[in-house]
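Following are the structures in question.
Shared chain: subunit A. Partners: subunit B in the first complex, subunit C in the second.
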Partner chain A sequence: MRRDDQYRLERLDRGIKIRTGGIYAISSWREMSYLMVPRLVLILGLLALPILMPSAYWQRVISMVCIYALLAIGFDLLAHFVGLVSLGGAFFIGVGGYLAGILSSYKGVPMVLTIPIATLGGAIICTLLLVPCLPLRGVYFAIATLMYPLILTRFIEALNIFGGTDGIVGVSGFPSQWIEQYLIITLVIMVLFSIRRLVNTDYGLVMRGVKDNDQAVRASGISITQVKAVAVFITSLMGCFGGAYLAHIYMWSGLSQFALDFSIIPIAATVIGGGGTLVGPILGAFILVPINELLRELGTLRIVFYCVILVIFIMFKSEGLMVYAERKYHQFQQWKKV
Partner chain B sequence: MAEDQPLLRVADFSKSFGGVQALSRVSFDVHEGDVFGIIGPNGSGKTTLVNCITSFVKRDSGSISFKGQELKRGMPPHKVADLGIARTFQITRPYYTLPAYKNLVIPLLSPRARRTGGWRGGGKHGDRDTVGLDILEEIGFERDSFIPYKLASALPTGYLKRLELARCLAIRPELVICDEIFSGLSGSEIATMTPLIEKLQMEGVTLIMIEHRLRELFRVANRVMVLNFGEKLIEGTAEEVMADEKVKEAYFGSDQEVMDYA
Partner chain C sequence: MDILVYGTVNSLTLALMALGFTLVYGVSRLPNFAHGALYIIAGFALWAGLNTLGLHYAISALLALIAIGIVGAAMYQGVLIRVRGMATSEIIASYAIGLAILEFLRWLGFKGMTYTLPVFKEGIIWIFGVPVDWQRILIIIIGAMVFVFLWAFTHYTKIGLALRGMAQDERAAMMLGIDSDRMAIVAMALGSILAGVAAFVLLPLGNIAVEAGYSVLILAIAVCIVGGLGSWVGALLASFLLGFLQILTDAKIGSHFRIVVALMAILLTLILRPSGLFGRQKELEERV
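And now, the complex of A and B:
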């Protein structure tokens, strides 16, 4: 850092930049690659991951990362575009997981049906159960959504239904490792790009309006509860898919699907990756979950490392990696003599 | 429907916050094409009245009818807006993270705008960005400048007040309630706002205006109501109202009152 008074840091936009969504760069390869390279790196990188992984264990880790990535995108959508801080990740995963488990193990429904039914049905159940909480804002919504998985866990435990503490065994598994991997990876990519589109459509603007200033949205004659319900439905679709998928890869659904990890890690991933970017949470999940696995040898001590990493990020880089990276990509800076 | 039926009829409105009686038995009629001014000293319940009419605050008692239709007490605010009652907020509330013209996409997507707009008006199949820019131009944003494209957080107060009004117009209201739209504006800014109000009136929009800037209000308002401590003092034309002893007392205090305190 130059502390000399005669210099100041100047930030300039790069010559090529897409300023509005309506203008597309198709005039030169340079401009096109400026836009396409980051996206292609992400897509091809994700698609190559299962091939690059050394062992079945690490391939499974990738599947877990993708589940967390879906939850984190959902968290980002709700928190940064609709203004609902949701701790309901565990709730979505649990409902999706149990539905898939019940359908597959008790009713013998084949997997091609259980996953879509659990995704859609789970999302409907989650949304209906969360509707009473929708007028809440900020930390109150967070606390209310945190209670749902706790309620359901104790409910299942106390009534000893759905296998009680043992969970539901005998859920059908994926026929091959590759189907398992590529199903969720393509889904993560598709979800990412469709949510990015969604938030810039006119309806997405209404969602962002609810976050910015819900009173003005109401004064415009739009029901904010309805907008919030749609957003919660979209988020729970992703979460319930994650749950159903989880049940099928472990061929088991049980109480640990309501574990708080599913609520907390998406938030941490969003903080590290950069909230409001949608791709940031994926990046965050790809950093956090593998670190968690690498540190597993250290036993309980890994939580310490984990927390230290989080605290450092929140204190020194609270904007998140992706916001930082985007700025570096779109702007260059130089010291200028004044 | 009778000829002389008022557009908005408010009867016996009361509202108290704890021990404070913010409104007590306020009644008034607003007829179609009126510019109805509501004035009163600070804390006299003007904004509470607006909040109660638009259902942002639940009234304690009283009734309200719009075009002969009774509005129930617990009616959600978006339903009231859907009927065609638009309001501005005293503290401007734009969508700060969106450009000015995108601010209007949100009201243009409301059920009412989609129903009444037609595709040219940004209705069901219209181009809402273009309609948003049109409305902004009408309301005094220079079209060919960069101002409509600026983020709302970067706009000065004068434009934010206009944006508030534009947000109301986007849902094609029949009644616009302006809560202190002139406050915080300079004389010249008000001078450019007044024609907008007059134009709206000519287009057949009924207005309720809450104001502290009396001179500017009296230029446009044809009826004025005075509130004090939540009670209606008088209603009439600007001249009648200002000549009234009780109004002078409310605004400036009277010798009698001073004596009482002494």
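And now, the complex of A and C:
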């Protein structure tokens, strides 16, 4: 790249967009494929993954990637569309996991019921517990959400309930690997596209309004707390599903589901993948979690490794990979002589 | 009497842990989530000075303090200065640095009973019929000394006054010719040194373990939130409140709940009164 005074970088939009104010006629295969190919690559790629990687170990990794991807989409929705920085991913996972564990192991409820009940019930519990914190802003909300999983861990430890430090054993497992895989993969795809739609609806506009200027939203007669509560509920639905699913694939739920990993990795994935794009966090999860697995022999050094990556990204490429890629894809770019 | 004596000791312990954190936040509005890591590094630097280099205690303590000050300043100058003002990035960046440092130290093997710092003086003294070891007396003395020093520093020296000016109103301070980034670096270095002092006094009671770094961070945050982020007097009062609360729970309910007290205190304060019990109410900045 030349950085002489005589040249400037010119960027031009390619003229195709969907879901904007204007109407764009898409007529040729070229234009249709321009829009469809990235989406199809993502969907088909995700669906093909379990077939391409048949070994049990890597299928487990894929499941973990998808759980983290769900959490990361949730973090992205809260942070970049509603303006709530939540450090409590572990809280959602833990509540969902414990609920599924209790239902399945203690009450003997079949899995077809435990996962929906844990997802919905967990989300309601999480939202109700978080409602008092919703008026908080910025650092204050972040610290408050960080405290929830820690407190629940200490309570379970101190009161020795739900199996104490041993956790709940005897949670039923999935009948087959394929159901296990495709359940979460289809869910990730569905969640991704429905949330992309949600943020483009009028309600999504209100959410972004809450992020940008909550006083203006309030002045328009819309309850901010309610909007925030809805967003938290959607996020906790995804998180609690992840937790319930996690409890069922490991046939165990315990204190490690409140571990900091579930709070940190989704954030890292969002930063690396690109916040505010919703696809970026999935990309980030697909980069970070396998790296995490490959580096497992290094012990805790891998945490150092991805913390360093995270800091580098925040410092030098804070827009993230996906924003960068989108720009390259949607715009012509050339150096022009001035 | 037990509760009174040990409550005081515990309160000053908390105050020492929290001072650095509240100083940095007060001056530059930067929640330094790497505070626990700085605390542990300081302890390790002192240990290395004593055992690897074989230096005298005073010299290695001085070197360790200088080193930790430089680490803190470098952290600000190298990384945090670039994300200043973006609350999310500040938290993530400082937390990631802290996590990286702590986990690196864990990888080096700081877990068991291997690394301990010497106490200044062995032995036990009886106060009002309660046995207290000298190290805990020292906590009280040094805690008081640090407070007096900080008070004098921020009221009678030029840099200290500049720091206070920054804390009160950054823009006005800049108008009067105070370089806000330079002051933030000074605050960060000073905050790190305070973390170091806390480490020297408190670590001999246990051993240098990574877990201590995490709990120091949580306790520091607890004290600062309850006292009001950035308020120094508030931090001191809050550490007494929390210190006695913790000792009372220890005595009445059980030591399992000790950390729960700190966590619940954070949560309740945030929900009920986010500026802290003694902070000034800044309604619009922190809640809607």
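Just so it is clear, the second predicted complex is superposed on the first by the 326 of 338 C-alpha atoms of A that agree within 3 Å, B and C clash if a C-alpha of one lies under 4 Å from a C-alpha of the other, contacts with A are read in each partner's own complex, and residues count from 1 in each chain.
Here is the rule we use: a residue touches a chain if its C-beta (ideal position, glycine included) is under 8 Å from a C-beta of that chain, and two chains touch if they have at least 3 such contacts.
It should be emphasised that the depicted structure is a prediction, and the values quoted were computed from it without experimental measurement.
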item: Per-residue touch tally on subunit A - higher for subunit B or for subunit C; value: C
item: Partner chain(s) touched by A:Val271 [first = subunit B, second = subunit C, both, neither]; value: second
item: Touched partner set for A:Ile224, first subunit B, second subunit C, both or neither; value: both
item: First (subunit B), second (subunit C), both or neither touched by A:Leu44; value: neither
item: Touching partner for A:Met190 - first (subunit B), second (subunit C), both, neither; value: neither
item: First, second, both or neither for A:Leu150, with subunit B first and subunit C second; value: second
item: First (subunit B), second (subunit C), both or neither touched by A:Ala79; value: second
item: Which of subunit B and subunit C A:Leu205 touches, first, second, both or neither; value: first
item: Which of subunit B and subunit C A:Asn213 touches, first, second, both or neither; value: first
item: Touching both subunit B and subunit C, residues of subunit A; value: 215, 218, 224
item: Parts of subunit C lying in touch with subunit A, wherever the complex brings them together; value: 31, 79, 82-83, 87-89, 91-93, 95-97, 99-100, 103-104, 106-107, 218, 221, 225, 229, 254, 256-257, 259-260, 263-264, 266-267, 270-271, 274, 285-288
item: Residue ranges of subunit A touching subunit B (in the complex, touch as defined); value: 202-203, 205-206, 208-209, 212-213, 215-224
item: Interface residues, subunit A side, partner subunit C - complex; value: 79, 85, 87, 132-133, 135-140, 142-144, 147-148, 150-151, 154-155, 157-158, 214-215, 218, 224-225, 264, 267-268, 271, 298-301, 303-304, 307-308, 310-311, 314-315, 318
item: Contact set on subunit B toward subunit A in their complex; value: 54, 56, 76-79, 81-82, 86-87, 89, 93-98, 102, 105-113, 128, 167-168, 170-171
